[in-house]
Amino acid sequence: MPIHEKSLIRPEDLTEHEALEIDGVDVSGHWSTFIETRVVSDYNERMEEEIAALPGGEYIHRCWQCSACTNVCTVNDLNPDFNPRYWIYLARMGFEKELLRDKDLLWQCVSCHKCTHACPREVVPEGVMKAMATWAELKGHTAVSPSASFDAEFTEQIVATGKIEEGRIIRGFFKRTGQPLRQAWLMEMSLRLAKHLPILMGIKMALAALFRPRTRNWGKSQAAIEEYLVERDAANKRALNLD
Amino acid sequence: MTTSAPSNAKANATVIADPVSADAPVDREELEQIFDDISSHPRYDHELNGCLNCGICTATCPSAHYYDYSPREIVQLLWTENLEGIHDAMQEKIWACAQCYTCAARCPFGNSPGGLVMVMREVAIKHGMESAKEVLRPFSRVMLKVMSTGNQLAPNMITPDHFPDWGPNISKVEAPLNILRKAIPMPTLHTLETAWAVNLKTSIELYTIWEDSGVLDQLETMDENLFDVVVDIMDEKREDYEDWLEEQDDDDDDDDDD
Amino acid sequence: MSEKYKTVAYYPGCALEGTGHGYNRSTKAVGKKLGLNLVEVPNWNCCGAMEVKNIDPEIQNYLSARNLGIVAEKMNVDTVMAPCNGCYHNLKKVEHDIAKKPKTQEVVDRLSQKAGHATYQAGQVETIHALDWIKDAIGEDGIRARIKNSLKGLKVANYYGCMYTRPRNIFPEKDQGPGSESTYKPHYMDDLLAAAGAEIVDYPLKTACCGGAHTLADSDTSTKLVLNLLQTAEVCGADIIATECPTCHSGLEMHQVRAETEHGIKTNVKMLYFTQLLGLALGISGRKLGLQENVSDARGLLKEKGLL
Amino acid sequence: MSNSGEKFTGHGEEWRDAKLSAQDAATATSWVELKIDKRAMLTNKDRVEDVRDAMWELEKDGEIIVHRVGDQHEPVMAKTLYGWDKKIPTNQLWHHKSCGQCGNIPGYPASLLWLMNQTGTRYLDETDQTSCTAWNYHGSGIGNIVSLAAVFLRNFHQAYVSAQAEGLDPGYYYPLVHCGTSFGNYKEIRHFLMHSAELREQVRKILAKLDRLIDGKLLIPEEIVHYSEWLHVMRQRIAAKQQIDASSLRVTIHPACHVYKMVPEDVIYDDDVLDGNRVAVSTGIMQEMGTQVIDYSTWYDCCGFGFRHIISEREFTRSFAIDRKIKVAVEEAHADVMVGHDTGCITTLDKNQWIGKAVGKDYALPVMADCQMAALLCGAHPYKIVQLHWHASPFEGLMEKLGIDWQTAKAEFEAYLEDVAEGKIETLYDPKRAITSGEGYQR
Amino acid sequence: MTEPILIVGGGPAGLSAAQALSAVGRNSILVEKEDRLGGAPIISGYAKLVPSDEWAKDAIGGMVSRVAESDLVDVRSGARVTEFTGAPGAFTATLSNGESCQVSAAILATGFTHFDSINKPEWGFGTYPDVVTTVQVEQMISSGKGVYCPSDGRAPERVAILLCVGSRDRQIGREWCSKICCTVSANIAMEIREQLPECSVYIYYMDIRTFGLNEIKYYWRSQEEYRVKYIKSRVAEVTSDGNRLLIKGEDTLVKRPIAIPFDMVVHAIGMDPNVENDSIAKVFGVDLQAEGNIAHQSNYGGTGVTSRPGVFVAGAAIGPETIDDSIAQGQAVAMSAMALSPLAAAAAE
């Protein structure tokens, strides 16, 4: 007889044998199905420290679970599984397995800062979510997210020249994430713009694409930032016990 | 979304639909009737006083070990009169409860979440809910047994066919069941069809209780076939008993003749 | 009219040299018309936007601090105006962090020293938004006095986005009672455009998010959020959504197109920078305000309303 | 603080002593200037109601008649959770059997009756009784307070009048409930009955039809007594009959939820058993008989029976029984046996071990009831009386540890089965007494 | 000349009343059943008090010596009042040591009794040596030995503090909030973290009631500075696997059952009514509240007024109370007793 409340059990917690005979007795299927417990049996006390050490995570320990962040969250409105309050808690107590169930949601924060605005304890949930996403990437639980690719592309351009150019960002991002540049909606946008864009403007934008806008005498700033980034990268890895 | 987009037609105000499930919406009236039946149940006020949301009930709940089931949630749904949530819980969650009543032994407010689950199960049956029917289906064998004899379980029900998962050693001595039963040193247990020998009159008294307490009506709502079978068996037993009574009268008459 | 903000340092930021060019043009044109001087920060660099912060918040602070440092050291003004919400936010943020977090000051000092320029200390420069600039320097009365072409009959929803108001603690001047800007229900743009004659619709999503950070990284989310903004504006009866940020503005435009091409959902509301609307009221030509550079082309509508 | 090795500290011989110095121990406990009675606040009945007080009121008002535990029942007083008294009758007992016990663990009631024979206890085991129907109610939801109450009072009425069949006065026998669920259910229902005039009226109507009223009134038992309570108060007398040394036996107790968690204020806690910190039954007799009672981390957990689950969702039952009980008893407590005091628990824990092989959880822990173990230690025949062959868990090793020659016993039993087939049946009491009315009744 | 005022109980409230009376030149007789003054903070060996952070032996000890040194306070320790007769202005108190005295009024500062955790056996106290109470941890700290597991003296690596032990629990007839345990527990948690920086401390709570400024100093600070973790869960049972203690709970914020190992479990025990309240009530002829504390009338007409004219009550004898508030009440009630007694005496003449 099948389990009536099956939707209340996670599939990975069920052990079933399609065909099984023990001591000459056929106990296939539900006759030998076992359920694994969902009880959390320990705290992982390293996890909070690890996330606190990553950029944005430093105030995670302040959270007292009032849920103001989740209540105001833009993305939570679209997807109730996107729950900063809950994730912060999981990270604090080290419920690693649980947090990883949502690993592909963590990066979807749109940085609207509503949570940071609402938080009575200045936890900066937005930063903590970024730190958690970074944690999941550095630990190898997730691939580099589109959002992180975008951040990297963006930052690299700034570090290199002191400024960004939007066309170059778009091209660089699509290249990094292996997407075609000729996306229908972008084509349509360009088309509409071209309809009424004066030729002069077109030329200017094309020039900007060729000759990257840059801040003069940027070299020393670039070197200083790059040095800091190497330091930071090493610190992140150290905090996570990675080599 | 923060405000509903105009293209989304507003749901009919009298119908509550779960935005993420494809299940048919339930009438508000039906939801209210269900809650009314729960909250007016004679057990209800005994079992629910308030709630501190402390979680001790779920902490100690065996079902919560395996199911995404939480007595605390059940209590909260009832205490906050969350009609949709109550209806939803009655589809699946209330059947996860193992009825051990550890929750009741622990609750600092003196609630009995397990008792509330029983109330909800009774009401699920009253409303002929599909969930209740589904749960009852595999239970019908023991149900028939208890309703028609007064014993929940009979020795001949425990067979390898029905309990392969209990292994090859249901009995460790090879002998026919009736012999093994007779080797029990209690005369009342020399039975196969019932756990102990039940007096015919006793079964009939129990049947009267089923009739007069509304249990038979419950059964009829849930499983008409089973209901018919039970009624047939009991009618027959009543006849047998009447016959026997008449015989007794005759015997008495005979005695008088002596 | 006060002398306040008569001359301010102008920090346009990267977007105003790209997709936000219309904002750049209209801001300068409006300033000129109002007799306010904008002096561009020499050799500025990107503020770091949202993205650098995600790599490391202190690098972003350094980037923003470098710009403030230039204003403090090389320009004879004590105020810098940033029309872009992102830039404005970041300059405000570094001001806050330098004042409150020793670590930020330490990193900014260290990197500035290595880069060979003066470091920035809290309190040297005041950062304002284009809205503060016009609101405080000219005010509603000043606008009313200069109207050539009232926006009467134009129904406008004002959209401020996230970075102009959140989080509260980096905007100590906001939420200070009557007259001050509100983080919960900002009104500077409403005040100015109302003074210019526009009919301001009650728009509940003034500070909702357009998903600008994920325009490319998670386009579906951005489209959903933008569509909600657009459809709600239409429900509220707006012809125009007035914007005050190049990222929000282009986000609304891009995802309006995307909703149409990818999901077949068409919306008609048009986006205009608030400076473009103000400029029209002040009698500046559409071309000088860069109306032709907007993807959502409002010129037909404006002609209908007799504003062009 | 328990800091003497003598006291129950849980884990048998290897348990670490607290090793507090006398001064530390004094400091640690000096703040308790006065040993406060168990749940002192509740001994004051102004704050928590004792349902028996409500019964006396109703009886005074002429609404009910209370079936008393009288001197003839030779009661022994026990202390309950709040320190209240509970009268446990020790003689003239009416066996209210358990469907699950009789159905598949017949050695359970047989051992109990055998112990009564050994201790000279008079009793009646008769056919005029039904299941309490609470298993059905908790499992399916079919049934209700009215039906449960009517079944309860019908059975207890029969207990009251049964002696008339032997020409004795009504009330001669006092009902002794075998099943933990019946015990919990009857107590719960008695509480509802005492608090609802409407319920009493509904039940009165039904019982009137069945001719089960006394002077038109409901008959309510003064005490609802579980067999394990009888065993507990009889433990010294039973231990006096012990024939087999059990000091090497590591016993884990599985207390039954419906015995000690339902209506907890009526449950026996004995200062001499586990320091009064846990329910006393089963542990008390096992300690009295010299076994090592071993604490384990899931002591408070239920068995996983689940009422409907044992029938139709055994995935839950077997998972819980093995993970939370059997595995812990074997791996943590190194137990030789698990001893319980309720039908469902014994069934669940006994029958659901073998299937653990399917997932590499291969345990073999004998499971039996306290009275079965007590009977065994008093020399009862492991097959003819204790009927261990009905148990699925292996018990042969346990018997070897106790020095019982099970092969010989089994051979004796197999030989006896041949006698049975020929109608030569041995019973614990005169079969005629089992029928008190109707067909087959002989005075 | 009016008779002295009788004060029963030498804890914070009683000491404070005596101090107040002697400050205005009134005589008092202070009867204490123990052989020394100080009440729970001294007799039970509290460590640092909240919210002053002063050691109990200094803070309360100071009060004791001020009272002991006062010529106007007649201290009778090791004695109980066995009889109390008369009327306001002219009462006669008989003591257990056979003495008797004439007093004009009485102040009952008889305090409370710590909840005895033995009455909540499923939380392991009395069964496992490493399950202790907040009072015991206070004693470990105040004795200078530091926090250790009683079973083998080792320093715990992980400690759980369970709040509301003996409070807010109908199962054991104690529905009240004991008011101070949240704050005291946060304080103890910080003390443990300070002494044993490698030890993690978790507090299992239903609500956190560090009222008023204690919020900052205890609840917030314990997290921000000491990284104490708070778990919203009322624990079901504390058992042992033979090595470590196991806490079984539901983390209600994650809606998941948890079973977490700990080295030491601390019961934040609540405040029961004084176990002797029945006899105290009988001797003084005052009413008790349903919960068992000494009943007092509303404060609007006078502080600490009991059902018997001329007999007043202050501090934890009324119900769970903080030390600071007990002290304030002691002083306030001294005023009530003083104001009443000359009037009553005059009326009696």
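For clarity, chains are labelled A, B, C, D and E in written order, and residue numbers in each chain start from 1.
One rule holds in what follows: a residue touches a chain if its C-beta (ideal position, glycine included) is under 8 Å from a C-beta of that chain, and two chains touch if they have at least 3 such contacts.
Every value quoted in this text rests on a predicted model; they were computed, and no experiment measured them.
**Student:** What is the touch distance from chain A to chain E, in steps?
**Tutor:** So the least number of steps between the two chains is 1.
**Student:** What's the overlap between the neighbours of chain A and those of chain D?
**Tutor:** B, E
**Student:** Counting only C-beta pairs in contact, which pair of chains has the most of them?
**Tutor:** More C-beta pairs are in contact between B-D than between any other chains.
**Student:** Work out the mean Cα position per chain and let me know which chain is farthest from chain B.
**Tutor:** C
**Student:** Of the other chains, whose C-alpha centre is the longest way from the centre of chain D?
**Tutor:** C
**Student:** Using mean CA coordinates as chain centres, what's the gap between chain B and chain E in Å?
**Tutor:** 50
**Student:** List the centre-to-centre spacing of chain A and chain C in whole Å, with centres computed as mean CA coordinates.
**Tutor:** Using C-alpha averages as centres, the distance is 27 Å.
**Student:** State, to the nearest whole Å, the distance from the C-alpha centre of chain C to the C-alpha centre of chain D.
**Tutor:** 77
**Student:** For chain E, jot down the residues that touch at least 2 other chains.
**Tutor:** 122, 232, 236-237, 248, 251, 257-258
**Student:** Considering chain C alone, which of its residues make contact with at least two other chains?
**Tutor:** Chain C, residues with two or more chain partners: 208, 224.
**Student:** Find every residue in chain B that makes contact with two or more other chains and list them.
**Tutor:** Expected reply: 1-2, 60, 64-68, 95-96, 102, 105, 135, 138, 165, 167-168.
**Student:** Please name which positions on chain A make contact with chain D in the complex.
**Tutor:** 1, 3-5, 14-15, 17, 20, 22-23, 27, 30-37
**Student:** Which positions of chain B touch chain E when the two form their complex?
**Tutor:** 49, 52-61, 64-65, 68, 70, 72-73, 102, 105-110
**Student:** Could you pull out which chain E residues touch chain A in their complex?
**Tutor:** Spelled out, the residues of chain E in touch with chain A are 200, 202, 220, 223-224, 227, 229-232, 251, 253-254, 256-261.
**Student:** For a test of understanding, state which residues of chain A touch chain B in their complex under the given definition.
**Tutor:** For chain A paired with chain B, touching residues are 1, 4-5, 7-10, 13, 22-27, 31-32, 35-39, 77-78.
**Student:** Quick check: in the complex, which residue numbers of chain B touch chain A?
**Tutor:** 1-2, 64-69, 92-93, 95-96, 131, 134-135, 138, 160, 164-165, 167-168
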